[in-house]
Amino acid sequence: MIQYYYLGSIALIAIGMYIVIAKRNLIKIILGLDIMDTGVNLLFISIGYVKNATAPIENVPGPYVDPIPQALVLTAIVIGVSVMALALSIAIGIYKKTGTLELDEILGVKK
Amino acid sequence: MIRPVLLIALPLFFAFLSPIIGIWSKKGVRYLIIFATALNATLAGILLLEALQKPVFDIIGGFQPPLGIVLMVGPLGAIIAFIINLVAFAISIYNLKVEKEPIVRYSMLYLLLVMGSTGMVLTGDLFNLFVFLEVTSIASYGLAAYNKDKKGYLGAMKYVIIGSIGSTFVLLGIALIYSQLRTLNMLDIAARIGTMDPYVKIMAFTSLFLGFGVEAEMFPLNTWVPDAYDGAPHPISAAFASLPAKAGVFALARVIFTMFSFTNFLWFVVVMGLLTVFFGEIVAYTQKDLKRMLAYSSIGQMGMIIMGLGIGTTLAVEGAFYQMIAHALGKALLFIAAGFLIYAARSGKIEDMKGMARNPLIGIPLLIGALSIMGMPPFAGFYGKFFILMGGFSQGYYAIIALFLAASIVEVAYYARFIKIVFERGNESKVIRPDAATYVPLIILAIIIVVIGVYPKPILTVLQHVGTFIAGGA
Amino acid sequence: MKKVSNANRFAYAFLAFIIVWCTLTFSPRIKPDQYLEEFIGGVVISLIAAALSYKHLSQRGLYNLSPKRIGWFFAYIPVFIWAMIKANFDVAYRVLSPKKPIKPGIVRIRTNLKNPAGKLALANSITLTPGTMTMQIIDDKYYIHWIYVQSEDEKEAGDIIKGEFEKYLKEVFE
Amino acid sequence: MKKALAIVLAILIFIVFALAFVKIPFGEKMSTYPHYYNPITNQTSNMSLPQHYLTYGKNDTGATNMVTAIVVDYRGFDTLGEVTVLFLASTGVGSLMYVENKVKKKVRRSNAVVETGSKLLFGFIILFGAYIFIHGHLTPGGGFPGGAVIASAFLLLYLAYPKFHAKHEKLSVSESIAGLTFVIVGLIGLIIAGYFLYNFLPFGLPTYLFSAGVIPLIYVAIGVKVGSELTAIVDSMMGVRE
Amino acid sequence: MTAVVYIILEIIGYIFISIGTFFLLLASIGLIRMPDVYNRMQTATKATTLGALSVLVGIGLIDLWWLPKSLILAIFIVLTAPIGASALARASYKHGVKLWKGSVVDKYKDEKEED
């Protein structure tokens, strides 16, 4: 059986990848990484989905969705946030040193 | 009886403790880190002896796998963990040379880098492996930019970007495996990997392979290596070459052998390894800057390890593991020496370092390290390359062996050039004597290299277990 | 305004927090002993939160809770809600009417409220009522963005905008 | 040129992964999941992993919220790693944003409305954050969102008072103590039962506040830790102010 | 008997929710139709506050379990939404966002705040 439900999140990953490779502005690149991250998290969550099911909390009647992907994505989100914080602070550092966030100007590439 | 989890819990304990100690005494934190890594190395040594009897499983939280997380330590994992912690101990002494503030934060990041690399080697759970990969790489990002100059920031930025792409791939691979098998334990995955759809299986393998390839400095995703190594403080360059890189390549070995046990897909690994070797060695030959040269050489060596894993016979994998050990020790030594040379010459260019290594405290370890990395007998590096070659020979990969030898010759050429320059006669007046924080780790590492080169029996005893490792054991 | 002891302010903060906590954890289906556990947890949390924030929360401590003030406060609620509903119909009219009946501008009015909390309440009330939005308070001056300016004079505009609010808020807060 | 390459690569990645993911079922019943296998005892179970969690989770951990049961108890080691990652991020940002010569920056006066409002709300936001992480084992939520809410209370103070400055020593001490609590709870489990992070406290009655053994304890530690770490990150990123 | 009460409460709750959604819709239309930041903020703040309020009250009536919680949330929304609007308005003013050209008066311009 062929499933099309995941294509949206894969598209997010591909878009993020495109931004990371094609854009030459550090903030945009960092945003691209974030988009990729979101895509993977969305993908993970949807893997655990069960039709007509609710959140796995015992005082609500079942059936429940798979709780593992939710737990894993919780971890993955926190990790993504940490990477983002560090990337942004490195970008701030680069800006302090060079006065710009455009990669071409930083590396001295002639257009 | 020692529990593997202590190797992770104790550094974590000390890392969380150090901000409190740092309020009173910054010096105290530095010595605490040395103590913590020494303790860890001792524990890892004891663990190695235990794992030689039979693989150690440490169930965390009291839930049987795959319900809970399990640490899975076979002899090979134990020896890599031991070497990582040993090198980490040596480097932590050299850390005393770092003067730049905030030193307490630096120490914590370093200790957690060690802890993350150890965790990557010990864990037996795929998602836990990802978490430790992230611990390692975030600590590395912070340390790579620690110098807070333009070079450091740019190297770290490159590392962050490529590292994040890598972790996205790892997560994708985990998602693919989880969606089909609904489990995360490596041995559970290994037992049921045959039921996966073949295309999904190959995609999962490729994603994990590329993802861990970032830390293992594999070819398409290793452009961060020279910049990050170059921009990082000297102890951190040494640590990068021996801690996260080894943990990454061990994770690759886990993916290849423990989880997927591919036999017909290994040519892919060999090709990636070979490309990495060529990229590394040839660019290294053209480098004028010492740290960049060593970084590219590190790429080349990691490529050899990946090739050894890819050839896949017992002998070649033994060689790969031997090479891992030798490279961890040798590259750490060379980077520490490079740090001293750069400090003495006040320049990173190799040509400015004429005769700088003529002090025996620095010269003899440097020579031992360089010869070991070049693969000269009787030093540790020789056995690794030799076994990989023999393994490839027995599999009939003649063309690949020829290319491998050619790359080794290039490597010998540029190391010889480097040694010739640093031992050249002339400007003796400028040669300075290293202080204890520099020569103690150098001598420790050099002694180990000589010992395991001249008397390789203990290592070979451990490496006998490679057969069970390839067959999918711990 | 007389000085109020720290203990008094602390007690007020604690009381406010524990009331909010009890409301948050209450539900018609909860068992009594279960609620007791929630209450014990709430006491601990409220003590910590009060210790962190009692200096910010109030200046008058328990004196805020005199029956007269509470009475005026409850009298104020229907006035406020009625004004809010009127405001929304006003918004609906201005948004949906094709001619865009607006004549915006920033005017200045004055208040004779003294207490910061009272000023904030007045500012919020102004923002949520027809056509006006507080932008900044400086001492006793309010700068207000008015969507349909009826008067530019401080006094007259103040009477229109503040309406009955100031009277009630004066009783509640002063 | 570079753009064309990027587009080609992105499309390639999309196609390659789409071909893999179209084969993966979506929203199927849990009974179709493959059963798990215990590699230590060499036994295949009669149910899948998520089914096991949902069936026995309440007995195994005492928590009502199964996601929390997995995050803190079954896979608590991951969470320890996750906490470490956040700790690393705050340490890393602090070390990168560290300034040796403190240059005083000019700051703008804040909005009086915001000032009074945040004074009023600060305590309530902290209360609400604590509410979220203390009920992590009963309702959706837990240490990470709760900690983020607490950090937002401090963020509000930063907005309201441009001169506000959280004491870094205090932050790192609370961070350390919370982290040490987590590790020590794990080590106590190791000593008592032989398993790191073993849930050694009595489970109590489900849906009660004091239940699920060490889970609320760990979540309180995580909440405090996340709160102080996020505050420290914000504070470091703002740089030095006068 | 109680069942009837519950059903009535539920119906009232849904009415509240519909009203709330209508006001939220108004707010978004206002965002498009109003000419400048300040006017947009006006419509958006008022309509979203009342909209969110009545949605919350509606939820509380449908399932009484949530009533205390939703009332607390309502109070917080009333307290915070205007503060946010005021902060945004002043920030955009300080940042140099111009008033709409049809504006008749700007007294805030004369105020010299010390920075």
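Letters A, B, C, D and E mark the chains in the order given here, with residues in each chain numbered from 1 onward.
Just so we're on the same page, a residue touches a chain if its C-beta (ideal position, glycine included) is under 8 Å from a C-beta of that chain, and two chains touch if they have at least 3 such contacts.
Computed from a prediction, not measured in an experiment: that's the story for all the values here.
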- Message: Along the graph of touching chains, what's the shortest path length in steps from subunit A to subunit E?
- Response: 2
- Chains adjacent to subunit A and to subunit D under the stated definition are B
- Item | Joint neighbours of subunit B and subunit A, given as chain labels | D
- Task: Please find which chain has its CA centre nearest to the centre of all protein CA atoms in view.
- Result: D
- Taking each chain's centre as the mean of its CA atoms, the one lying farthest from the centre of subunit A is chain C
- State the chain with the largest centre-to-centre distance from subunit B, centres being mean CA positions. C
- Interface with more contacting C-beta pairs, comparing B-D to D-E: B-D
- Between subunit E and subunit C, distance of the C-alpha-averaged centres to the nearest whole Å: 15
- Message: From the mean C-alpha coordinate of subunit C to that of subunit D, what's the distance rounded to whole Å?
- Response: 34
- Query: Measuring from the mean C-alpha position of subunit B to the mean C-alpha position of subunit E, what distance in angstrom results?
  - Reply: 56
- With chain centres taken as the means of their Cα atoms, state the distance from subunit B to subunit C in Å. 61
- Residue numbers of subunit D (touch at least two other chains): 17, 21, 23-24, 33, 49-50, 53, 75, 78, 81-82, 85, 88-89, 92-93, 96, 111, 113, 117, 120, 124, 207
- Give me the residues of subunit B that touch two or more other chains. 127, 131, 134, 138, 141-142, 145, 148, 172, 179, 182
- Note on the structure: Multi-chain touching residues of subunit C, meaning two or more other chains, are 20, 24, 120, 123, 134, 136, 138
- Query: What pairs of chains are touching here?
  - Reply: A-B, A-D, B-D, C-D, C-E, D-E
- Message: Quick check on the complex: what are the subunit B residues that touch subunit D?
- Response: 3, 5, 9, 12-13, 15-20, 22-23, 57-70, 101-102, 105-106, 108-109, 112, 115-116, 119, 127-128, 131-132, 134-135, 138-139, 141-142, 145-146, 148, 172, 176, 179-183, 185, 187-188, 190-192, 195, 197, 199-200, 203-204
- Note on the structure: Per the touch rule above, subunit D residues touching subunit B in the complex are 16-17, 19-21, 23-24, 33-34, 36-41, 48-50, 52-53, 60, 73-78, 80-82, 84-85, 87-89, 91-96, 98, 100, 169, 172-173, 175-177, 179-180, 183-184, 186-187, 189-190, 193-199
- Message: For a test of understanding, state which residues of subunit A touch subunit D in their complex under the given definition.
- Response: 1-7, 10-11, 13-15, 17-18, 21-22, 43, 46-51, 55-59, 62-64, 66-68, 70-72, 74-75, 78-79, 81-83, 85-86, 88-90, 92-93
- Message: Using the touch definition from the top, list the residues of subunit E that touch subunit D in their complex.
- Response: 76, 79-80, 82-83, 86-87, 90-91, 94, 113-115
- Residues of subunit B touching subunit A in their complex? 127, 131, 134, 138, 141-142, 145, 148-150, 153-154, 156-157, 160-161, 163-165, 167-168, 171-172, 174-175, 178-179, 182, 184
